Each structure stands twice: as structure tokens, then as C-alpha cells.
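The following pair of complexes shares a single chain, chain A, combined with chain B in the former and chain C in the latter.
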Partner chain A sequence: MKSNDSWLSTLNPTIKLVTHLLVMCVLMAVTDPRITLAIWIVALVIGLTLGGWRIPYLLKRLLPYTIFFVMIFWMMAAFGKGEHTLWQWGWFHITEESLNNGLMIALRMLGFVTYGLLVTSTTDLTAMIMSLVHQCRLSPKWAYGLLAGFRFIPLFQTELAQMKSAHKIRGYKQKNSWKSFIRYALPLFTQGIRKSERIAIAMEARGFTGTRQRTYYLTPQLTGKDGWYCGLLLVVVLCIAVVLKI
Partner chain B sequence: MESLLECKDLSVRFYNREANVLNGIDLSISRGEKVLILGPSGSGKSTLLSVLSGIIPEHVEAEVEGEIRLAPQCGVMFQDPDSQFCMLHVDEEIAFSLENRLIPRAQMDAMIEAVMKQVGLDIDGHTPIETLSGGMKQRLALACLLALEPEVLFFDEPTAQLDPVSRKEIFQLLHELADQHGQTMVFVEHTLDGCIQWMDRVILMNAQGSMIAQGEPAEMIQRYRAEMQEAGIWQPKLFPYTWDDVQDHPSHPLAQRLQQTLQQRRASALDADQEGKGGSAVIVTEQLDIGYRQKSVMRDMNIRIPSGEWVAIVGANGSGKSTFLKSLIRLERIRSGQLYFQDILLKKWSDRDLYEQAGFVFQNPELQFVTDTVFDEIAFGGRQRNWSEEEVHARTVKLLQEFGLESYQDQHPFTLSLGQKRRLSVATMLLFDQSLLLLDEPTFGQDARTSAELIKRLQQRQAQGTTIVMVTHDMDLVDEYANRVIVFDQGKVIYNGAPYHLFTHPESIGHHAIIAPLHYQLMKPEKERSII
Partner chain C sequence: MNAQPIHMTWKMKEVVLTVILAVACGVIYLGWSTLWIPISALVGPVGAGFMFGIWIIASPIVAYIIRKPGAALIAEVAAAAVELLTGSHFGLSALLIGVFQGIGAEIAFALFGYKRYNLMTLMLSGALAAVGGVLYNVIANGFGYYTTQVLLLTLIIQMISGMILGGGLAKIVVEALCKTGVLDQYEIMKARRKKGKPNGIASGV
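Now for the complex of A and B:
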């Protein structure tokens, strides 16, 4: 999670997150594929105008999900139930209802992904966590612990890669995926635990207490534009839902 | 002088152990003093540091007896650069120290800038920490400590994970800091070069956690040489002598010793030159291009590694040494060009045959262990290939003996000491009497004794005909053992030949990251003098 220099990245992370979660709730309540499509297009427009997205970036990010989209759509559409048959061949049985359902579910998935991407592609991880501290009263003990934990992810990746090569050289054959998971996980966990213990000591040695009695370098604020963004987006989405329903 | 830290009759015991880690330590450290604590591993030197810095018993539980007086504000720097940070960016990390001290936000920017300047961290404040090199990370760690405005700075092997060039820089930085601000510093180290000459006092501990002696560095080095060797401490190459002395007086004992070494190297280099380049090659590359994903790291490599040689690969961090080593046995993909292993194209080898011919020793041994006991660890490859149990047993026992691990054969590999783990990781790669052994920084972070033991085993293997290719930063190792050294720099091979010629003509590659061993440095003024 990194911030880009877009307008969206200047918003308060918590507000951005909550707003988008609310839009996702609306998406869940909607059953008409036309409305779902419209709400998804709103997300694309926001991304391209306020989120600093470019078309190539968008395509690269959404391409894997487009494959999902086709798969979900086909599964729902071709094997669904319904009265008004449109096309039938062998096992495949496409009806008006199943077509609707397939489109709706697939578009809903795309909508979720795009609204989520709007948050993750424009928010700095540290700012997000600090915003949770200030706006949601998250305890610093958890906040700084989480941040320290995020540093482990790339470390785990390189360690896992090395373990896999080591096993390859030794001629280890993966017979049972559960067994090989245990084999890889155990050394990773032991190293992880040892490392986190060391980090905890280093943090305490630098005077970290975990209480709220501290000052802050980053203090994400709530400003007027957060309210405007939240309000406007929700109004637009609800309007679409209501207008297209009629 | 005013005493800042003090302990009287200090004993420490961890709750999960029966014996004391520290026994009856009396110590007093005054303001502005630089103290170095030495001792074998397990002598409790890190524990002593933790007690003096207040980590024990406040953050780590232990039974502590005796009188202790601590400094009100102190900072501790640890050995692993990666496990002392909790934030993602440089400025946030330094700010973390300030936040803990309740410094108002308005003052933070100036203070962050000041400490970054002080430690020579000349980068943008919003740089992600993960992109920094080990040396830069330790600079950042120091900046974070200085932001605490500590009265005493503690260092727990701060350079153990660094290459020699970064180590030298960090020590230089600490030395300047000590001089300018009269900072009190307490060190635990096992490398003496770079720090011993500016210490005020050396404290020597024994394996039982008692203090043997303390005194002036020069006196301690001379009087307790044997104890220090036993403890695996890297002996200083120069100290207690100074370079000017050695350089100006050819009769100086150290100067004579260095001259002698130099003569030996010259003689063996001449021998090697005369022998010529006969024999078969284990590895031949033609226009090889390696790297990961879209990025190529090394281009257009034409290298020939004759069998039976000991080859060292050197170069700055990130110059592609490890990638090259991995490419040699297909752990990393080749981007273009040809690579022949024993005269057959690498891609034509089956995994099974290839790894019977070549072994790879990783930098971190723990990540390469695959079984639960030392014995099974070595026997693994044989059992995978359905050898008879007698043959597995015979070969394994032989290797256990060769690497001095027979009394640990039923232990879990993780419970071994650092040096034993390293030896085990090499032994596991020799079950098939592999003709090629690749090692990624095998002596990295090891003390003098364990690395000497490892080198001895490798030498025996080379004498039996094994080709050894290793990545290293240690130029003394290169000089003493390697037949060939290959220097990587900015995507190219800039030197491939005998170490002697590299060290005697370092200017030929214009590479400043290579510090030639001491005896070669003696040569330079000699030449200049003869010109005059």
C-alpha cells in the first residue's frame, strides 16, 4: 500500500475506507445488474479523474479479475435456474434469470475489487494506521505492532524462496501439500517469532510504552473535503440505485 | 572522573536455566569512556550489556542480584539491522524515537534532519527502509538512538552483519561521534579492527560469565592473546602497532611478518602462472546474461572455471554475485547465452544428476535444513535416492566425523551453535562427493574460530579435487585460499585472474570497494620510494 500523488490520496484514510465500505454495502443490497454496472462505472470514473489512475494501470490491475468475471458469469448463467429459456445445448441452460444473476454477481465482484483498489492504491499504509489511531481510537500498542508486522511480509517471501530452492537441490519431492506446508511453515514461524521478540525489545528500549501518552509525527486530520467526498459519493450511488430501479 | 554506570557483585540468571549467566561482576563506567566487552559466545557479554542498558530486568525477565546504578537515558544498537525497526520509512522511524519522548510535532522536522546529517544519511526522508543497504540501515539505527539524546550508547555487535567496507565506515562514524561529543559508549564486538584503537578500556569475560580482567587495550591484547584466540575473537591485524611505525621501520616485527607473507604470495603466484591453464573446466559460460524477471544483472559473461580451483567472487552488494552463483545450478534462470556444466549444456542436465554433481551452501543455514536430526539431514539425499541403509549409514558417519558433528547426530539442526549449523549445511551438500561446491558468504557473521574450522574442511575437500566457488567480502580469505578471483562491477566482470595480481595492481580495475590485505599495502610506498 503506497500513496500516489492524486487528489484521492489527500483524503483522510479512515473516511475514504468507511465511505467505500458503505458503497460496497449498497452493492450488496442491489439485485439489478444495470445498477451494479453503473455503480462500478462510478468507481472507474473516480479512479481515472481523482485517483490518478491511467488506462494501462487500470487494465493491468483489472485483467486478472476480468478472467474471474467471465468465469463467474458463465457458471452462474449457464447452470442457473429460471423459467424463460433463452438458449439450451447439452448441459448448458441459459435463462433470462440466470443471465441476470450471473451478470449481477460478476459485476458485484468487479465493483468490490475496484472500490477496494481505490483505497489501497491511493493510501499510504502508515497514514492508514495512524488515521485509525486518531479517528478510531485504535490503541498505539496495536497500531505500531501492526506496522512492525507488515515489515515481515517481504522478508517471509525471500525466506520462502530460499527454502524452496534448498529443498529442490536436496531432491525433496512434494508428495503431500499439507505436509510440505508444515515443512516450510515451521522454520518460517520460528524465525518470525525470534525476530518479533527482538523487534519488541528494540521498540521498548527506545522508550515505547504502548500507551496514548506520546506525540505523533503523522496526524491525519478530518477536513471539509472528506465530508464532501463521502456525502457526494453516497448521494450519487443512492441516486443511481433509486433512479434505475424505476 | 564521575561514574555514570555502576554495578557491584552483579549476578544474573534466566528463569529457564539453572546456572547463572553472569557471576559477581564489579564494574564502573565513567562519563565519556569507551568500553569494549570481549568474551567467547555464551559468556554473557550481551546479557551484561542488557543489564547496563536496563533492558534486563525491565523488558526481559531474569533474576538479577547485586547493586546496579543505571544512566537515566540510553540507547542500544543491535546486531541485526532488520529487527530493530518498526516503521516503513526513514523519517517515520526516527520520529518514532521522538514520539516516545513526547517531543512536540513542530520540533520534529528539524531534529530528524539534524540526526540524519550527524550519521551521514544523505537521502530523502521518505525513503522506504527496506531499500537501504545493511550499512545504511545501521546508520539509520544510530540516528534513531541519537534522537533519544542518550547519555550512554550501547552496541551489541553492531557490525557483525556488515561487509568489511561498511564495517569500516560505521566504525569511523562512531569514532567521530565519540570524539566530537564525548559520548559514553559500551561495545560488545568480536571484530577488533576498526574499534580497538580508540577504546579506553577492554573488559574480558570467560565462558562462565565472570570477568577475567580489564585494562588498556594495548596491554590487554598482548597479555590475553591466547584467551582471545580461544574465544574466537578476530585478532586485529595492526593494533597495538600503528601503520606509520610499520611502514617506516622495515625491522619492525610486524613489518617483517608482512614482508614474509608477501614473499610467499609472490612465489605461489609465480608458480601458478607457470603451471598455465591446462585441465578441464567445470563451468564455461558464453555471452551469459543473468538477472531476475525483466532486469538483467550481469551481461555478456565469458567465464571459464577450471576444475579443482578455489574461485572467489567479489563485488559490491547487489552486484549480482549471489544471482550468478544460483544461475550456475539453475536456481535462477539464465536470460540468454550458454552455460556449460562439465562440458554439457546446463539445461540438458536432469535435476537428479545435476544436484549429485553440485552442492549449494546458502547464506542462512537454517533455511536449508529439511529434517529433524543432524544424522537424517546428511542422510536425506541418499534416502531420497533409495540407497541401501548400510551405504547411507557409512557415508553419513564419514561426513559427521569429517565435520566434527558425530556427537550431535541426534540433535535437531536448529539447536546447534552457529558454527555447527554452518558446518552441517556444508556437510549435507557433500553426500554425493559433489565435484562442485558453491558457497554464498560462508564465513559471514561467524567468529574467527568457527570460520577457520570451516575453511580447513574446505581446503581438505579441495585437495581431494572438489572445485569451490564462493561469494565473499573477506579479502584476506580471497588472498590466502583462492586460486582465482572474479570481480563483478556494474553488470560486468572487471577482473578474472589470480588474487595476487589484483591486489598488487588494484588501480587496474579502479575499484575502490576492495581493500587489499595489509601486506599488499606495504608494497605501495616501496614502489614510490624506488621511483624517487
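Now for the complex of A and C:
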């Protein structure tokens, strides 16, 4: 999660997260594919105007999703319920209703992905966690614990890849079973536990107690434009939902 | 009445252990999401449910080691956050489903007052996490539109998968971790030493 230098990135991270989660809740309540499509287009417009997205970036992020789009659509269409059968083969059973639902669900997922991307592409992880400390009273102990832990994602990814190649070169056939899970998970976990212990000791040795009475390098604040963005976006989305329903 | 009071305050090393184990699980999950949808498109949500269990393993593993209220929920949410942070396609929805599954897993331990940590509660947490996951899918991903048989079958298969691949596998993994000795200073081994089983390997495997 890294920030870009768009207008959206200047908003308070917590407000941004909550606003977009609320929009996702609206998306969950909507059952009409046209409304879902309209709300998704709002996200695209915001991304391209306020979010600093370029068209190539957008294509790069959303194109892989088109495969998922087709698959989710297919899943709903082939396994959904409905009366008017259009096509049947084997265990697949496509009806008019399931086709409609499939389209709506696939669009909804697309909406989730795009609204999620609006948050993740414009928010810095450290700012996000610090904002949770100041706006949501997250305990500093957890805040810094989380920050320290998330630092290890890339390291664990390389370690996992390394272990996989080490196994491969020694002729281990990777079966997708729980045994192969243990094979990779166990060394990853033991190393992780050792590291976590060292980090905790290092933090405490430097006087970190996790109390609230401490100074902060970053203190995200709430400003007027946070309220405006939250309010306007929700009003627009709700208007779309109401107007298109009639 | 109870010999062992529940410790509510988290030590720093428990906080970091929870996050790091959850992150490690999250990294393992990453490959899983991309595998998931192609398979479910072919055999439907029913068949793909067999793989579900791995996805919730963070909760039972961490709760079994740390044994504190909230451990299961926090672990699953932190593991789900990995998907968000690495820029997975599922982003915020992965985080939301993590919250639902985490609450499900947490209920299993809360039911026993955070005092019982054995294979039974671990498997129960796997099953309840599956219920939470299906609940989210009904609300958000339109699982309610599947035919009733498909939905029920999905729920049952995911619960079984959650019990075996989630709870059962978590037990095996943690027992193996105990043998390595890295967990000696954590609640799981402390509880065992109190019971007078110093290496703790013999119990309940």
C-alpha cells in the first residue's frame, strides 16, 4: 500500500476507508445490475479525476480482473436458481434469472475491486495505521506491532519462493495436499516466531511500552474536505440507487 | 473457582507474534485466491469448498498458541490485510471476509470462556469460521441466488473443510512447532508445564 500524489491521497485515511466501505455496503444492498454499473462508473470517474489514475494504470489493474468477471458471471449463471431454463448441460443449468444475477454479482465484485483500489492506491500504510491510532483510538502497542509485522510480507514471500525452489531442485514433487502445506509452513512459522521474539525484545529494549502517552511523528487530523468527500460521495451513490430504481 | 484466570493484557511479544504468524499465513493464502476462482467456475462453489479450510488457518493457530480473547479475530483480520497490502484483486472485500471469518472463529473459543483449547474447539472454530465466510458470501457475493441445495452443500463442505484443513491442520502444525522449542515462552507451553507435561508432545496428538 503506497500513496500517490493525488487529491485523494490528501484525505484522512480512516475517513476514506470508512466512506468506501459504506459505498460497498450500498453495493451489497443493490440488486439491479444497472445501478451497480452506475456506481462502478462513479468509482472510475473519481479514480481518473481525483485519484490520479492514468488510463494505462487502470487497464493494467483491471484487465486481469476481466477473467474473474467472466468466471464469477459463469458461476452465478450456471449454479444459480431460476425458473426459465435457457440451456442445460451436465450439472450446469442456466436460467434467465441466474443470468441476470450473474451479471449483477460480477459487476458488484468489479465495484468492490475498484472502490478498494481507490483506497489502496492513494493511502500510505503508515499513515493509515497512524490515522487509526488518532481517529479510532487503536492502541499504539497494536499499531506499531502491526507496522512491524507488515514489514515482513516481502521477506516471507521471498522465503516461501526460496523454499519452493529448494524443494524443487531436490526433486520434491509438489502435491497440493496438507503435507506440502506443512512442509512450507513449518519453516516459515519457526523463522517467523524467532523473528517476532527478537523484534519484541528490540522494541522493549528501546523503551517502547505501548502506552498512549507518547509522541508521534505523524498525527493525521480530520479536516473539512474529509467531511465533504464522504458526504458528497454517499449522497451521489444513494441518489443513483434511488433514481435508477424508479 | 477457576484455577487459571484469563490474562487480558497482551505482552509485546505476543502482539508481534500474532501479527507475524498472521502475516506468514497471509502470504500462504495469496496463492490460494488465484487458484480458487478457476476451480469454482468449473465445479461450482460446492467443489471449490474443499479447499476452503486453509484460508482460515490463521485463527486456530494463533488462538491455540496465545490463548487470549480476541486472538482468533485479530489473526484472521491481519492475515486478510496481507492480501490488501500486496495489492491483490480482492482488496477490501478480502479484509471484510476476514472479519466475518475471524468473528466466527472467535465465537468457538468464547463459547468455552477461553479456557478450552483442544482439537475439539479448534475444529469448532474452523467450522464456525466457515459459517461466517458463507454468511458474508450470502450478503455480499450473492450466494443467496444459488439453488438451496447448492448453498447448503457449499456450507456443509466448507464447514467440514474448515474443521479438517483449518482446525485439524492447525493442531498438527502447532504441535510440530512445539517440538521445535520456539514456543517454550508462550502460553501454550506454559499451560502444559503447569499441567506437568514438560515437553507437551505426548498430550492429545
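One rule holds for everything that comes next: the second predicted complex is superposed on the first by the 223 of 246 C-alpha atoms of A that agree within 3 Å, B and C clash if a C-alpha of one lies under 4 Å from a C-alpha of the other, contacts with A are read in each partner's own complex, and residues count from 1 in each chain.
Keep in mind that, in the parts below, a contact is a pair of C-beta atoms (placed from the backbone, for glycine too) under 8 Å apart; a residue touches a chain by one contact, two chains touch by 3 or more.
Everything quoted here is computed from the prediction, not taken from an experiment.
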| message | Quick check on the superposition: with chain A as the shared anchor, is it clash or fit for chain B versus chain C? | response | fit
| said: For A:Ile105, using the defined touch cut-off, is the partner it touches chain B, chain C, both, or neither? Pick first, second, both or neither. | reply: second
| So, A:Gln221: does it touch chain B (first), chain C (second), both, or neither? | neither
| said: With both complexes overlaid on chain A, does A:Gln157 touch chain B (first), chain C (second), both or neither? | reply: second
| query | Between chain B (first) and chain C (second), which, if any, makes contact with A:Tyr172: first, second, both or neither? | reply | first
| said: Contacts for A:Ile201 in the overlay, against chain B (first) and chain C (second): which applies, first, second, both or neither? | reply: both
| query | Which of the two partners, first being chain B and second being chain C, lies in contact with A:Leu125: first, second, both, or neither? | reply | both
| request: Using the touch definition from the top, say if A:Met76 reaches chain B (first), chain C (second), both or neither. | output: second
| note | Comparing chain B and chain C in the superposed model, the one touching more of chain A is C
| Vertex chain A; arms to chain B and chain C (CA centroids, nearest 10 degrees) | 70
| request: Tell me which partner A:Val113 touches in the superposition: chain B (first), chain C (second), both or neither. | output: second
| message | So in the superposed three-chain picture, is A:Thr211 touching just chain B, just chain C, both, or none of them (first/second/both/neither)? | response | neither
| said: Nearest approach of chain B to chain C by C-alpha atoms in the superposition, in Å, rounded to an integer. | reply: 8
| message | Based on the A-chain superposition described above, do chain B and chain C contact any of the same residues on chain A, and if so which? | response | 125, 148, 150, 190, 195, 199-201, 203-204, 208
| Mind pulling up the chain A residues that touch chain C in the complex? | 1, 20-21, 24, 28, 64-65, 68, 71-72, 74-76, 78-81, 91, 97-98, 101, 104-105, 108-109, 112-113, 115-117, 119-120, 125, 141-142, 145-146, 148-150, 152-153, 156-157, 160, 178, 181-182, 184-186, 188-190, 192-197, 199-201, 203-204, 208, 210
| field | Residues on chain B engaged by chain A in the complex (per definition of touch) | value | 53-55, 58-60, 75-76, 78, 80, 82-89, 91-92, 95-105, 108, 129-130, 144-145, 148, 326, 329, 331, 351-352, 355, 359-360, 362, 364, 366-370, 380-381, 384-385, 414, 428-429
| task | Give every residue of chain C touching chain A within the complex, in rising order. | result | 10-13, 15-28, 30, 37-38, 40-41, 44-46, 54, 61, 74, 78, 81-82, 84-87, 89-93, 96, 139-142, 145-148, 150, 165, 169, 172-173, 176-177, 180, 182-183, 185
| chain B-facing residues of chain A, complex | 125-126, 144, 147-148, 150-151, 154-155, 159, 162-163, 165-173, 183, 187, 190-191, 195, 198-209, 213-219
